[in-house]
Amino acid sequence: MKPVVSLPSPAPLLSRTGWAAFLVALIVVCAVAPVLNLLVPAGSLFHLSDYGVGLVGRIMCYAICALAMDLIWGFTGILSLGHGLFFALGGYAMGMYLMRQIGLDGNYKSELPDFMVFLDWKELPWHWTFSDSFVATLFLIIAVPGIVAFVFGYFAFRSRIKGVYFSIITQAMTFAAMLLFFRNETGFGGNNGFTDFKRILDIPVATPSMRMTLFVLTGITLLGFFLMARWLINSKFGRVLQAVRDAETRVMFSGYNPLGYKLTIWTISAMMCGVAGALYVPQVGIINPSEMSPANSIEIAIWAAVGGRATLIGPILGAFIVSGAKSWLTVAYPEFWLYFLGALFIGVTLFLPDGVVGLVKRLATTAAAKSGDKA
Amino acid sequence: ADTIKVGVLHSLSGTMAISETVLKDTVLMAIDEINAKGGVLGKKLEPVVVDPASNWPLFAEKTKQLLGQDKVAVIFGCWTSVSRKSVLPVVEEMNGLLFYPVQYEGEELSKNVFYTGAAPNQQAIPAVDYLMSKDGGAAKRWVLLGTDYVYPRTTNKILRAYLKSKGVADKDIDEKYTPFGHSDYQTIVADIKKFSAGGKTAVVSTINGDSNVPFYKELGNAGLKAKDVPVVAFSVGEEELRGVDTKPLVGHLAAWNYFMSIKNPTNTEFIKKWSDYAKAKNLPGSDKPLTNDPMEATYIGINMWKQAVEKAKSTDTDKVIAAMAGQTFKAPSGIVSKMDEKNHHLHKSVFIGEVKADGQFNVVWKTPGPVKAKPWSPFIEGNAGKPDEPAKK
Amino acid sequence: MLNVTNINQYYGGSHILRDVNLQAELGKITVVLGRNGVGKTTLLKSLMGLIPIKTGAIEFNNKPIQNATPFERARAGIGFVPQGREIFARLTVEENLRMGLAYKPASTPIPPELFELFPVLKQMLQRRGGDLSGGQQQQLAIARALAAGPKLLMLDEPTEGIQPSIIKDIGRVIRMLADRGDMAIVLVEQYYDFAQELADHYVVMERGAVRAQGLGRNMEADGVRQMVAI
Amino acid sequence: MFKKILLSTLLLIAGSAYSITAEEVKSITIGETDSRVEALAKAMLAADDKTAAFLQALSDDAVKVAGDKILVIQGDKVVDAVTQAEVPLPDDAEDVINNNRMRGEIDSALAALKLFSKDDKVRAAAVKQLQSDADETKLPLIEKALATELNTSIKDQLNLVRAAALLGSADKSKRLEAAQLLATSGQANTKTMLLARLENETDAEVKAALGAALRQVESALAWGDKLGALFSGISLGSILLLVALGLAITYGLMGVINMAHGELMMIGAYATYVVQGLFHTYLPGAFDWYLLAAVPVAFMASALMGALLERSVIRFLYGRPLETLLATWGISLMLMQLVRSVFGAQNVGVENPSWMSGGVQVLGNLSLPYNRLIIIGFAIFVLGSVAWLIGRTRLGLFVRGVTQNRPIASCMGVNTARIDTYAFALGSGIAGLAGCALSQVGNVGPDLGQGYIVDAFMVVVLGGVGQLAGTVYAALGLGILNKFLEGWAGAVLAKIAVLVFIIIFIQKRPQGIFAMKGRSAEA
Amino acid sequence: MTPELMEQNARHAEAYRAAHPSISGNTESGGREAGFSRLAVPGEVDVTHGRILYLEDVSVSFDGFKAINKLSLDIAPGELRCIIGPNGAGKTTMMDIITGKTRPDEGRVFFGSTIDLLRYKESEIAQMGIGRKFQKPTVFEQLSVFENLELALKTNKAVGASMVFKLDSAQSDRLAEVLHTIHLSECVSRQAGFLSHGQKQWLEIGMLLMQDPKLLLLDEPVAGMTDEETERTAELFLSLKGKHSLMVVEHDMSFINTISDIVTVLCDGSVLAQGTLAQVQSDERVIEVYLGR
């Protein structure tokens, strides 16, 4: 007997419109923005200012974090209040390299970074060993957040720490790290962190073309991560994650070991943040421990929530909306912007339970229903 | 354009808003005043206020925006050193101009920055000298207590070297740090008490921000009296004491280049201007208007900048920088304040004040005249022979 | 006592209850039958006010209640035993019963008859509701609904997960409560024999609508067993 | 306290003419510190009540200089220090500035004079004052006082002072005697004196005696240290408890991840500030009791704000705990900015009432500040009230029931909306109480809440969500652990260690100290 | 464990059984020790001594309350064992112990003669071939019916494998078949959270079928089902019997009557009686504590 049941066919990585939109985004990032910034003259209406490039570049880094947060929170139901740490670790890994690239151009004309000279250190501490190699740095950017996340996650998930308990210890983790990095003895420049970068790969950072390169790189990374996340979520792996979110016991009794799944996505998510941090640092020119403050991590969660959890595109939008609004409002209404931002958060939760993307979807279905009625 | 844009880059929200908000208002007051007198070069000044929200990367971004989009002629801003460090590469790259009004740790000299706050030798060292003097209590042992970040760390490093040069042994120096926002000073105060049992002790406090109130409250309640263990602070002024019951703190000290209680006509006028402004704008706290050192430094800064622009007949950064050298201004602190010809720092008198019951300070000591800043402290190794002027680009 | 006319209910876009009519009288047991997913639970929840109905009218004690909140309906005298027990997992058994007395004066004691009915509850008075076994929880849920002495008792599959001897007890209790004449009972049940034994009236639902109704003693003759089977 | 009595006695004598000369008055008041000190010493040789009154005025900052006139402020009157004639206050009158050294000298001079006061308390205070600066020059004075002193406890203290003064004596036997006497003193400054003496001592025998005395004093001090550390741990714990209790309700019971909890505390603290201001203006006489009025006001202010938030925002979010995080974060931003707009970005000053300043001396080096003691008591009171409300009242039962299963609770006849509002308002009100307490130890500013929110969540979660007892253990445990670690690792490392401890502890107990076990936990 | 290995083992075991017809489910094993000398083969349940599940002297207590008290019980391969007993007898708790959810205070639990279940985690136990349906239906509420079943499907459940997993045609046939069996063909794309109670029950059974376990533990599978569906469930279970071992907990006596071979009566955490339904139904003690008069 062969029953006739129509099974849903597996979803494609992106729909046709999806691919089209993706291509447009890619072109904007790789071609339009550079042209508008570098080739269109500064006076022109179409000129994209350096400030604009910097802003969008920075927000794209945030968007990567939001995407990473969505994987772990939106899809797996694990709220991390410590993702700022991974972001900062990636940033610090990059920052160390940038500090080494300063070479003898520092205040003290020493091989050592200025703050070490200042602390009377005679040689680089052990954890700076590989910081002069770009390749090693690329590795560290992924490995350090990855390893920290893996070890932390392994113990936490093994002990079946869940829900808020997990959220709170991630917060404790990033808070503790922040205090640790604040200490000058830790060897990361204390409160000032790293600034005044000069070069990457011996190319000066403060040039328009370098800025554009970083911008394009960030854009491509964001798009790449988006595709990766999309692929992960569409795979059975992604469905197991969502199953973990809904009923972890059921997952176990179905023969899956949630530890492996949670740990994998947790580590991937952390590494994504690390990459974002590494791209962020040369663009904003500073990394310091305040990136690890609990509020920063909460903000990552907020981007995801504003855009719409468990939608992938939502968190990216959320990062743009929230950071963009913040950037604009702090100039337009320096004394009142917190009211607007606060109201935005409240409004989104009250009226857009599924975030901005939820709203768009809702509008789309109503529109479709309407046109359907007419037809 | 018929206006000159002036950037104001002080945090109005986040942890630093507590200190920085008044500086924004000080700039706005000075701008009003200058505009009332016809502006600069016949043009009105137009403030562009932004809120970097105590977020360091945001400081850099906002600077980019001020210089790149708004094309401001000058920026008045920053409080913490880390915010200044974040802004620094941007102003250098875009050849902007920043006036930084807060006492800081030195170890920096930028062509594009004018430092109107104190360098360590204009605040910390004289304070320690005073405490070692007979009038100051002839302290033999030292607790160097600070918030764990670069300004206290650096200051304490300089002080340690200085104290050593004065023959103080390492065992008589106790260096302690607390995290930002630390709010429970029971252990610290108990430790100070214990330490002070070993000989006449003075405490040098570089505690910054919110921690000061709990620290002083604990000090008051634990009964540590100023005449037994005097505490001299470098980041506690009139504004910080607003939040504290000062009666138990009478006699504790602060070292600054300005106190509100200083009596001279310039200061009286300055205070009056500020009170009037605060009342007119209905600023919070205008029932008890206070002035303090960074406000004075801000005020000096903007006025000197105005003079320099007039001298240069241009707001062009390089011309203004050149014109700044040697500028003088009659400062509310009572001296004629001079911008050093070379090193971008003000010459400043140092005052030591003792806390009074009403939250003001009694000036108990001051330097005979203005002191030239040494941004490169000679007490830090490797600073000998550093040029006393910013490197030419 | 209870008079339901033409109520309609939706979940999102799907129409779940279609013009359902239902009556319940004092001293009588009305049994609602129907296959899985026909909307029995939805019906009871609508009557309780947990999900607002789209159209139609609900009268209780000759007063319209379709706009009342659940707690107003409870205070009016409607007791509810939800499907899936829904006891307060982290309250003790005693506290669960006290919740059942929520709208009575604070000093009202827990009626001792409840413990005669369900002796296990007396033994486990201080245990957390969530720690009880499934059947024990079901007993607790019934006891909780009875505690305040409702005028209308609605039970959603109360025998689910209960051991046969207690099912018998529950049947006896329901009968006894009905026979006292001061309570109307609406019983949603899948367990046909049990339903038939108790029914004064029956209602069979299908796809959200009432397919048939009649007197309990005619159930077999009306072919209700077949209706729920297909 | 004693200051007041002193003042009233002094005011009695102040009417009479000063016997100190105009010259003396002048040279004590004006000039370089060195010369003033010298003048003071000279005046002390023939000191009397009038000298004392003038010194007291100096010490109270009630002396002003106008030209070459020295004026004393006496309440509303201004009198010439020399002629005692009442004069108008000239515009150019300037405060006399006493630096710490001068103040110290004046105070010890005053103490010496007060040694003969009739009031036991005044004498006791004078003796205490002398302890810190006893030297051989004061010996005659001390002996004189000893001869007339009848009160035994003051006499004991005086003997210690005498010993301290003798420590520097040239006479070896006197030094020996002093060393033996001082061994029984548990004062920290005795240690200072002994150490100082030990450094200069040449005589072996005296050295040994000094050493023994030092050891004894040190061991007494060590006890004080230990108890002090424990006390500060408990005290920190009590603060953490206060901060966490409200959250234990809004978050622990209701499941609202209330990021605005800190701002509700801030509202309580500002309410306290406002009440203080009102007392200042309208009830200056009862100023000391403003705090008692502030407690209910702080509670109500935060509770009303909480009720408002619940009605307008939170109630739409039940069952979506993570959304509450976002909304309450927004609320917290707005509340902070609101306070900045209304009260300014700067801190505002909240004073301890006089009955809360100072402390009780338990051991020589251990004094327990009243404000801390009162806060500990207050925390216990709030804890008791909350435990009673939640565990023993119907409101508590309903709150727990409603938060566990809202629809079913409403089917039981509970007006869930009202219970939710009450519960949230209660939790918020308790936050307000915490804010009121915090205003007595910390700063009151827009950021007040931010500094505690992380700690508050840690405490609630470490204790086990929904477990009041757990919250108590967690608060005390963290407080004591923190203070214990701070003792030897410093504040920064201690804080890091505590955070790491929390992370590790949760591994062992994934549901907090008081984990709910069994099935009910999953339900 | 790779899917190939699992299948291979299953085939191996089947072949073994075919070759040794004497080893039937009814062999009296003489205890687990009978197979003691054999080596544990990973992934293979050693049932040569005739028992697939074996509990010995298991006890567990919660805060002093003994929920399971020296319980001993075993089940033969291919057997369909019914468990009945009063509410609170410990039936669910027993399943919790077998599936690794609850650790017993004492006693031994073996799967086959070589696998000590107490040493494994829930997911490992599930992978070895023990499937469970909960008393309260638990499905993945936010996933569709289809995805629920797909996740349950017996395949390699490691992280890497699931990233590259693709449903092959045999598997989708199987899925369609199960969908049909559980009457949810029309709801394939429906979100599971929106199903009615009874539909969730079915879905959970369906997930169990997808898992294709050697031993099925079913906690009140027909609760909330109509009589007709109960019958269908009975048929389903009877068809599974032989290929799979089943342990069914129910209170529905007519259902038990339809499916039962041997019925075990649990009371107060241990076995009160065991035998055919007729036997236990006439047992006075069972009537007293469970069936009622």
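Letters are used for the chains, namely A, B, C, D and E, taken in the order the chains are written, and counting of residues starts over at 1 for each.
Please note the rule applied: a residue touches a chain if its C-beta (ideal position, glycine included) is under 8 Å from a C-beta of that chain, and two chains touch if they have at least 3 such contacts.
These numbers were taken from a predicted model, which means no experiment stands behind them.
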Check: Which chain has its C-alpha centre farthest away from the C-alpha centre of chain E?
Finding: B
Item checked: Chain nearest the overall Cα centroid -> A
Next item on the list: Could you pull out the chain whose C-alpha mean position is farthest off from that of chain C?
Entry: B
Item checked: Centre distance in Å when chain A and chain E are each reduced to the mean of their C-alpha atoms -> 44
Notebook entry, point to check: Hey, how far is the Cα centre of chain B from the one of chain E, in Å?
Noted result: 75
Note to self: Quick check: how many Å separate the C-alpha centres of chain D and chain E?
What the structure shows: 66
Note to self: For chain D, give me the residues that contact two or more of the other chains.
What the structure shows: 336-337, 341, 450, 492, 495, 518, 522
Next item on the list: Scan chain E for residues touching two or more other chains and write them down.
Entry: 62
Note to self: Counting only residues that touch at least two other chains, what does the list for chain B look like?
What the structure shows: 12-13, 148, 177, 179
Notebook entry, point to check: Contact residues on chain E for chain A in the complex?
Noted result: 99, 101, 121-124, 126-127, 131-132, 134, 138-144, 146-147, 150-152, 154, 157-159, 162-167, 172-173, 175-177, 179-180, 185, 188-189, 207, 211
Checklist line | Of all residues in chain D, those that touch chain B in their complex | finding: 33-34, 61, 94-95, 97, 99-101, 103-104, 107, 132, 188-189, 191-192, 195-196, 221, 225, 228-229, 231-232, 235-236, 239, 336-337, 340-352, 357-359, 365, 367, 369-372, 440-447, 450-452, 482-483, 486-487, 490-492, 495
Note to self: Going by the contact rule set out above, which residues of chain E touch chain C in the complex?
What the structure shows: 62, 65, 84-89, 91-92, 135-136, 194-199, 201-202, 220, 223-229, 251-253, 289-293
Checklist line | Of all residues in chain D, those that touch chain A in their complex | finding: 257, 259, 313, 316-317, 320, 322-327, 329-334, 336-338, 341, 450, 454, 457-458, 461, 465, 492, 495-496, 499-500, 502-503, 506-508, 510-512, 522
Notebook entry, point to check: Considering the complex alone, what residue numbers of chain B touch chain A?
Noted result: 12-13, 48-53, 55-58, 60-62, 64-65, 68-69, 80-82, 85-86, 88-90, 93, 107-108, 148-150, 153-154, 157, 177, 179-180, 380-382
